[in-house]
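There are two complexes below, and they share chain A, which is joined by chain B in the first and by chain C in the second.
Right, the complex of A and B next:
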């Protein structure tokens, strides 16, 4: 049945869909610009980039695990836990130097990645279930640290806020950090051996085993990178709002994972890629910013985001018979 | 005999999977500069044996020696270090990578922390030149044909200059014109580059062209190792088929004009997958009709459409005197038509026991009015089915996945036959992966259904020999259409292959 649709996709159609996300970005900016000219002010555009930074960073983290063919539904909780941990050790005065605190909590985030892969890769529980269970435990720890309230300490060092609210020249630090993380991950995934192996494992596990690539090791590394990046996204998010809410991570998780999947329609259809995730995260940010700007109610944003995601994954299902790594089509 | 130490010495290795011994105390030697053919039927244990040589499977008993030194491989990486490389039957490539990248996968050349794509390409060009093959190196391999993909894998395996290369049915995916150059290529690997080759195949002609020695396997055991010029094709066949286990199949001669008065199924044309398919065929009461064709020729698809499993754009056929234009598989089973699937795993519930596997087909029969299962009746019925079909099992509460393939198949066919009011049974590749003894039991069962029980059977298979052995009539499929009907007396292997390869009028 579906076999017919799959063979139709032509070269020309692929070129259009390859850049569909970027085109959508431009069209939507133009659309909102016409609706509300204020939308195009530099300040607002940079603001969009800051919003995209949070979703995009977490999306990049999630996409690494998705690339090896697994799913991590714990990225939201991992982000919240890392942020809460940082807020707590800085607030309680256990650590006074901001950078050391950040390094410590990232170490902890990496540990969560190790636990994820212990169950999801080594023991062999389907990773999406393992990470879901672990995310509940992480939620528990978050509530323990925040005592169920929104966390705020007045003795947080100024550096805590700088990451999310500071500017270098006219450019928000948040956007800059996002670009740096994206460049680092792009370099990792497309230029280094590790990146090539991460992608190869998601494409054909058996082939990797046959040429002597340690599939288990690659997957564990992918989970650790994912947790590190998502943990850092949590730090960025808490810095932006100067507090740690219980819903900090879960609020951006679905958008983040959606960005990774949307991104897989960009540039190299059927494969997750850093560029695609960035462009998709920007798209989500444009939509949410634009809809707020035009004073549409919030639900419009949810519905639009959902429709775009369905269209994107539907397109992949119809054109790529093997589907996406981690989202196998039957 | 040469008195040099063999390159690889296999000493009584054994591999057991749950319920079966796949490889049973096999020993033989492979020498330098030798093409050693390994032949045997499907399921004889050839691939399992070779996977033990590469470390992909662990060895349960026995050991192997390389250059007289005992080795113990924990995985393919270990065997590669010792110079053993295998090219598997299924393609193992990363589709989006170029041939050059695939060749260097796992052994990428680095410039600091960056992969050196130029050097990777250079290495691939060197390998290509050394092996003397012609494959484009800079396009994603998913864009290449089957033959070229195969060569890319051999280039990868050959890039490290292994001592021993294992090729698992390398010509299975190659087209007619690609086979001969490929065989010459394998010969050159050994004679010029001094790479010994284990050549797994079930095509006998090939081994007489290229091999120096042959080892024959049957039922997991080695039945013979011999030098090639000193042996005939017949001797090979005799070693492959351990005749003591085979039961003869008798096909009574039929009067077709009499049979044709009682057609059960009659089909002209089916439209599925967006295309009209001309499939004029009929099946009479009490006959076995074979469907032959290459993989993808539309045999399975045709019967799946008729059985209501596959969606059709348009269908119209006569079954048991009734014109049928729709209906799903449930409805068709009620009408008396059932299909046993091509992949055995789709015909069983691997995590359920024998009783559940037999009775699920009859949930109505073994349920009370409010839907409670009548356990005792189901168990009695199961025992009955198992006994009738000569199934070997330890307990009816054991999981069906613990049984051998042959016994699973007996259960699948056995329970299908119990369908109330059954008129037509379609068996799709029922003997795939079975040993010859189990195969012959399936053949007897199929014949028995037609001759004694007066049911009709459609027998789909890719093994022409078995169809010629069992069927009364045969239809040959090509590219989705029926291109030829043959009665038993007119069965001729070459002609049938001709039709299957080229369609109408191309019979050689």
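Right, the complex of A and C next:
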């Protein structure tokens, strides 16, 4: 009985923090809305959603690898490589149909995921460092494709731009795609057996082995899904600006990783989850949009992001007895 | 008998990195004889200094099994604070001390967030790095800081060469390296860091406070990164909040290479120094033989991947009972 009341009281403590991110979202929207009423215009709110789409999609990819207890530090380079590859094959005219190009480059992204997992899972190199090294190699290939410059071809098909700049009715295609990807991943992680296994592996690897879950296989699948999603995030980002910059992926990677980590404080504290990552990505987008909108200097954004990350994760770390999952370093 | 054999083979592998470094140097010398000239050797050594000092700091944190994700931001912070204060007319040495003190405080905050509040080290230092990036941009106005009024003393630690040959920065590196070496290899206090890294649970039973050791490591790391930043600013005769953007990747490469040396499978200070040299020899040599940017990235990535794979495999081999 005593044990039971104790668990309920910790649950109450968590209930307050469970929705911290969502509350922060609302509070910040209200704050910026009061500071600059124009912030609340539908157009601007949709713009926030399409900014969140890039960070969020990459964050979702990263969070899946984090769920299995590994870390993929190459998500940025994977996104850039996929975007550069697509831009190159479409621009050089090797492939003229957009969809086929997308499928081809996604296949290549999956291959990068396989290579990541070869080192990170099969050989057992700390994944964080293996993916960092692979990202350097990917950077090399990006540099080869773009010749060190910002890539742009005038013969890119219109579809290349539509993904990032088009609208269906009033809604940006980018935001719509983000919602679809989030729903798909939510379904995968929360409603399918594979998703349950992915979460189980992150929770207790040894236990999974005992009940016959193939930990290696699940981790490889997680890396492949991550690379695919992050690759697609790269395609989205290049489409939004209609060019491929060398810093395309690395520019959104830090925000994406932070979103995934912040997301782990939402709904199921201590566990990475799709809903949390989405809410956290929206939070990052609100902050960056709001700060630009109110014409605050750019450093405010860094500081606010850092404080929110430390506050949210710190609070969870102090209230949860089990502590938080860490990154395997060596 | 078998045991002796195993020990001998480990001895050879533990010096493989040094042998590899020498071989690579010979290869570059054959391809481009200018590589081994005194001027170029000094170039290599002085371009190693910044990252080598920072990597000595980071290696202490990595030895305890944590990571200081903020090292790039700390490096930039050291540079920016020194430059901004020196530009404002503050005495150079006061500015230097202020910068280092600030970095020590940052290290302290890293340590408190991780060891007292319990945020995973990676996330804690990442949050701190965001805030630091913001502060760096704030004090510099997001741009390069340069002043013609700060005089010769500002460039002394980065560019001055004693007797026209040996750079001051190299002497600083040697001093720092010797101090850290004595600390981690010779003193009980420093050896505790290795103990915490290898098993922080059992440290509790023998009376080593893992939290205190980690705290020390975070503080030393931040201070050395700050110092590295100051030398970097001095070499460039300017500071920028974006100085530290690629630092972490480079540092990790050096550390990983270093873990294949001396104490195989463990991050260690002697290995870090050799690793740092190797990375810079490769970078410098690639430029001298006229390699393209993408080839340089490719080689850097491959070297890191090979190093880390080697460490993992050697570790596996060591773990297996004979």
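Definition applied: the second predicted complex is superposed on the first by the 308 of 330 C-alpha atoms of A that agree within 3 Å, B and C clash if a C-alpha of one lies under 4 Å from a C-alpha of the other, contacts with A are read in each partner's own complex, and residues count from 1 in each chain.
We take it that a contact is a pair of C-beta atoms (placed from the backbone, for glycine too) under 8 Å apart; a residue touches a chain by one contact, two chains touch by 3 or more.
What you are looking at is a predicted structure, and each value in this text was computed from that prediction instead of being measured.
Novice: After the superposition on A, what does A:46 contact: first (chain B), second (chain C), both or neither?
Specialist: In the superposition, A:46 contacts neither chain B nor chain C.
Novice: Check whether A:317 is in contact with chain B, with chain C, with both or with neither, and answer first, second, both or neither.
Specialist: Only chain C is touched by A:317; chain B is not.
Novice: Decide which partner touches more residues of chain A, taking chain B and chain C as the two options.
Specialist: Looking at chain B versus chain C, the one contacting more residues of chain A is C.
Novice: Give one of first, second, both or neither to describe whether A:213 is in contact with chain B, with chain C, with both, or with none.
Specialist: The first partner, chain B, only.
Novice: Who does A:123 touch here: chain B (first), chain C (second), both, or neither?
Specialist: A:123 sits against chain C, while chain B stays out of touch.
Novice: First (chain B), second (chain C), both or neither: which does A:268 touch?
Specialist: First partner only.
Novice: With the two complexes superposed on chain A, say which partner A:204 touches: chain B (first), chain C (second), both, or neither.
Specialist: In the superposed model, A:204 contacts chain B only, not chain C.
Novice: Quick check on the superposed pair: does A:141 touch chain B, chain C, both, or neither? Answer first, second, both or neither.
Specialist: Only chain C is touched by A:141; chain B is not.
Novice: After superposition on the shared chain, which partner residues are touched by A:196: those of chain B (first), chain C (second), both, or neither?
Specialist: First partner only.
Novice: For chain A, which residues count as touching chain B in their complex?
Specialist: Touch residues, chain A against chain B: 1, 3-4, 191-193, 196-197, 199-200, 203-204, 206-213, 268, 271.
Novice: Okay, in this complex, where on chain B does chain A touch?
Specialist: 56, 75-77, 80, 86, 88, 90, 92-97, 101, 105-108, 110, 113-115, 156, 273-274, 311
Novice: Once bound in the complex, which stretches of chain C touch chain A?
Specialist: Going by the criterion above, the answer is residues 62, 65-67, 113, 117-124, 126-138, 142, 197, 249, 252-253, 256, 259, 267, 292-298, 300-302, 304-305, 308-309, 311-313, 316.
Novice: Please output the residues of chain A touching chain C within their complex, sorted ascending.
Specialist: 71, 119, 123-126, 129-130, 132-144, 148, 254, 257-258, 261, 297-307, 309-310, 313-314, 317-318, 323-327, 329-330
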